[in-house]
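The structure's right below; bear with me while I get my questions together.
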Amino acid sequence: MFVKNAWYCAGWDHELSQGKTAVLSRRIAGESVVLYRKLDGAVVALEDRCPHRQAALSLGRKEGDSLRCMYHGMKFGPDGQCNEIPGQTTIPERACVRAFPVVEKDNWIWVWMGDAVKADPALICFSVGPGDAGWNIKTSQVHVKTNYRLEIANLMDLTHIAWVHDATFGGTREYELVRPRMTMRPRGIDSDIWLRNVPVTRFAQHLFPPDMRFDLHFDVQFSVPCNFVLHFKVYVAGTATEGPSDGQLVLDSYSCQAVTPCDADSVQYYYSWGASRATDSPGLSDLLKEAIDAAFLEDKLTLEAQHRNISEKPDFKTIDIVHDAGPGKMLWLLDKMLKEEAAAEKRAIPIAATV
Amino acid sequence: MFVKNAWYCAGWDHELSQGKTAVLSRRIAGESVVLYRKLDGAVVALEDRCPHRQAALSLGRKEGDSLRCMYHGMKFGPDGQCNEIPGQTTIPERACVRAFPVVEKDNWIWVWMGDAVKADPALICFSVGPGDAGWNIKTSQVHVKTNYRLEIANLMDLTHIAWVHDATFGGTREYELVRPRMTMRPRGIDSDIWLRNVPVTRFAQHLFPPDMRFDLHFDVQFSVPCNFVLHFKVYVAGTATEGPSDGQLVLDSYSCQAVTPCDADSVQYYYSWGASRATDSPGLSDLLKEAIDAAFLEDKLTLEAQHRNISEKPDFKTIDIVHDAGPGKMLWLLDKMLKEEAAAEKRAIPIAATV
Amino acid sequence: MFVKNAWYCAGWDHELSQGKTAVLSRRIAGESVVLYRKLDGAVVALEDRCPHRQAALSLGRKEGDSLRCMYHGMKFGPDGQCNEIPGQTTIPERACVRAFPVVEKDNWIWVWMGDAVKADPALICFSVGPGDAGWNIKTSQVHVKTNYRLEIANLMDLTHIAWVHDATFGGTREYELVRPRMTMRPRGIDSDIWLRNVPVTRFAQHLFPPDMRFDLHFDVQFSVPCNFVLHFKVYVAGTATEGPSDGQLVLDSYSCQAVTPCDADSVQYYYSWGASRATDSPGLSDLLKEAIDAAFLEDKLTLEAQHRNISEKPDFKTIDIVHDAGPGKMLWLLDKMLKEEAAAEKRAIPIAATV
């Protein structure tokens, strides 16, 4: 179901304050995780489950760098090891909570859900955060009751912009002719997409003359489990060349999107959009945020209905179309990683049994 | 569970407009159905499921006589056949949606959920709609979280009027002596019921002298799956004869009720009531509608609690009483049809396998 | 899951009036029970399920000492035997509803869910009700979505007061040193607990000088399934001796708590607290009620989260701590009774089979 050896986004950094109540509960890839900050600000991620009687540690209390379970008072350090059991002096070795590797990067909190020794921060996807001085990035999030594979398929095929987002990002059927230039990476796919000589997108129609035309460039880095980083540029039509361009830039922007599966039936979708300082103007990045908020409710409606339909008839025979290539490649990569993890786990069992 | 070769009511005709958003989703006998009107007004009923990736077509857009899936833009004609796949020129033969036979009659939309070649409009039950010039029929509907077999049992035994509807339709225990004269038809049962010399029903007590007595005549046509058409007449007591009567008519009315199972645990109940023009008077049919709306909430409460109880103890041993005859006959007929359909399906499998 | 041969609390006596609508539905140990009072005030408890078609009798109507099912009018006496079937003269012997032994005691209604011949009122736990002239007892209740075994564990270990109830009953960590003196009874455990020289509990801090110290005495009678009766006394520190004491009493109070499992996933928690007339003063027992209402919401939050965690990972390996002794003893007693009942039922089956 879920790739374990991967970094999953657990939220925007501003969600986890140093306040008294800053103990957050998150559902990530089928596990309950509790997050808090140490005194130095570093984020700790533990399983949200006391080893004594499974009380929720997220109802607990931060004490220095430790987290105290507020059911019977057991206290755990940031490594998950119990360092106090009220009323007794000995602490059993097994009195520890699973600790997850965690990294803050680009204003996102990333948690590694698999084998801690494999948790390489270099595997965290590139992104541009709201804290980046060169960009005016606005952030948001939405909960969607769908399986994350449907989100992958959605994001790997931008032709849906013409239909799902007709009222927001749409306005042209040129998307249907899109054939992305895709490059496979070990844990993701890069896509390069040009749309030439198209009208302005619906949400910005009031900003330009009606007959003005644009070239759009989508530079997408997609990585497992479901992280989508889009460098999106808009040029005056006919002025942009492929590769580094000296065309007439109307908008240079980044939209960074991390879709974290909570469980098989829902995802938490953290996303952003914003213009470069050079192409920003007062109110512009707010308009982008308004547009993406509206558009993602369109996706939510579509993907929740699709998920209900699939849950009802999981064996329904479907047909494929030309635009399935992108989704197919990414889902193939995901399934390959899932199989490799399953095989590695199978090999690991006899070793564990001999310990 | 559900008889397939039957007409199911999908709603009142006025619910499906020619407006831009007039694409309705309905749950009928365990299937999701999308409804829309062609330019000539004729209703189209398709499975609410795109053959590409199971997106909901009810989120789609009407384009002329076609319906476009607004996920990837595939467009389907009223026969369910795909007539456009944006971005590609060939259309696979299997790119089609199941189309259901549909008929409008007496202001109800009827959908045939089984084998299309058997969809004979003559099998649609007789009813009197709000559009009938001779009657002032008012319409309504209610969702009930119960199994439709419980609705069948409810409607086939009018003695429950004395108890469930004590505060609305009730007012006399004469109902308990009712012995309907029943006539079996191939797909239903007719019931003929007389109540003689009874006081006025509760909801109309303020209209008549307290000691006035009436004769009531119920002429019921019940048909599968669960359609109940009642010709209800009230006479001054002692003036009516059975058969065509020249008695003193106080009320001549029709109540037409179509109970459509959504799935095993809920039904959508479309119903009406209204007087003949000859016996109507200003406000009278509104009173009938008020009364039936109130009464059907009484049924809803009763049948939802009963359904919860049965779901909890499906094997509970029950006892039978004298009034079970009507429900028993109708459920026997339903089960007979279910068995015949199951047997026919079993026979059909080897044939399909040889194709 | 549930001990059957036990008295379960079905509510406070004032909840069941003699009013027209005083027919209550309760969920007790996995069974639906309907309660009403006879003309003489005695409470009747029947299964909430008509033997005809499983309609809910709690939607029925009290008629004298009988309860009429308002679906088809069958009427049942307080022993559950049907005494009227409208429209027919014979009443089948099997037309009866299961009747449960019921006793009112200390303003609580108690229902016996097992074999009626074993229903000994002497097995009802001791308690002090709001009607007791010597005490000013205030009552309340709360619904908690948890398994009742977690409530047992919660109540058998008062050290949780220091943590769960830090903001209400808490204020000292002395609780962690508590070692109750426990006495096993056939159907319960008595606990005797002293806390010496502790500060005032949080909710009463405004009533005493900040440096004042107290001795607390908890005298607990716990009995199956999950009834907790606490005689709680507060003395000026250093003035109380164990056993009958002539110390300086600040508060002499009773809190009686009956936790009734509705089903595997929820309980209805009936509870009270109040001072003796001798130690009461205007507003004091109201303060106690305010405090216990607030505290039980803290428990609700904790136990609902714990129940969700356990439901998610029922096989999670937990560790034990020193304070598990009390919970362990009581759960052992419960499991012993469950096993004995299961064994007795197994022995009973061949006998039934030969009848």
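Which chain is which? They are A, B and C, in the order written, and residues in each are numbered from 1.
To be clear about the criterion, contacts are C-beta pairs under 8 Å (C-beta built on N, C-alpha and C of every residue); 3 or more make two chains touch, one makes a residue touch a chain.
Owing to the predicted nature of the structure, the values given are computational and were not obtained by experimental measurement.
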{"item": "Copy pair chain B, chain C: interface residue numbering same or different (half cut)", "value": "different"}
{"item": "Rotation angle (°) superposing Cα atoms of chain A on chain B, nearest 5", "value": "120"}
{"item": "Rounded Å distance, chain B centre to chain C centre (Cα mean)", "value": "47"}
{"item": "Per-residue multi-chain contacts in chain B, two or more chains", "value": "none"}
{"item": "Complex interface listing, chain A residues touching chain C", "value": "32, 48-49, 51-56, 58-59, 68-74, 85-88, 92, 94-95"}
{"item": "For the chain B and chain C complex, residues of the former touching the latter", "value": "150, 153, 157, 159-160, 162-164, 166, 173, 176-178, 301-302, 305-306, 308-310, 312-313, 316-323"}
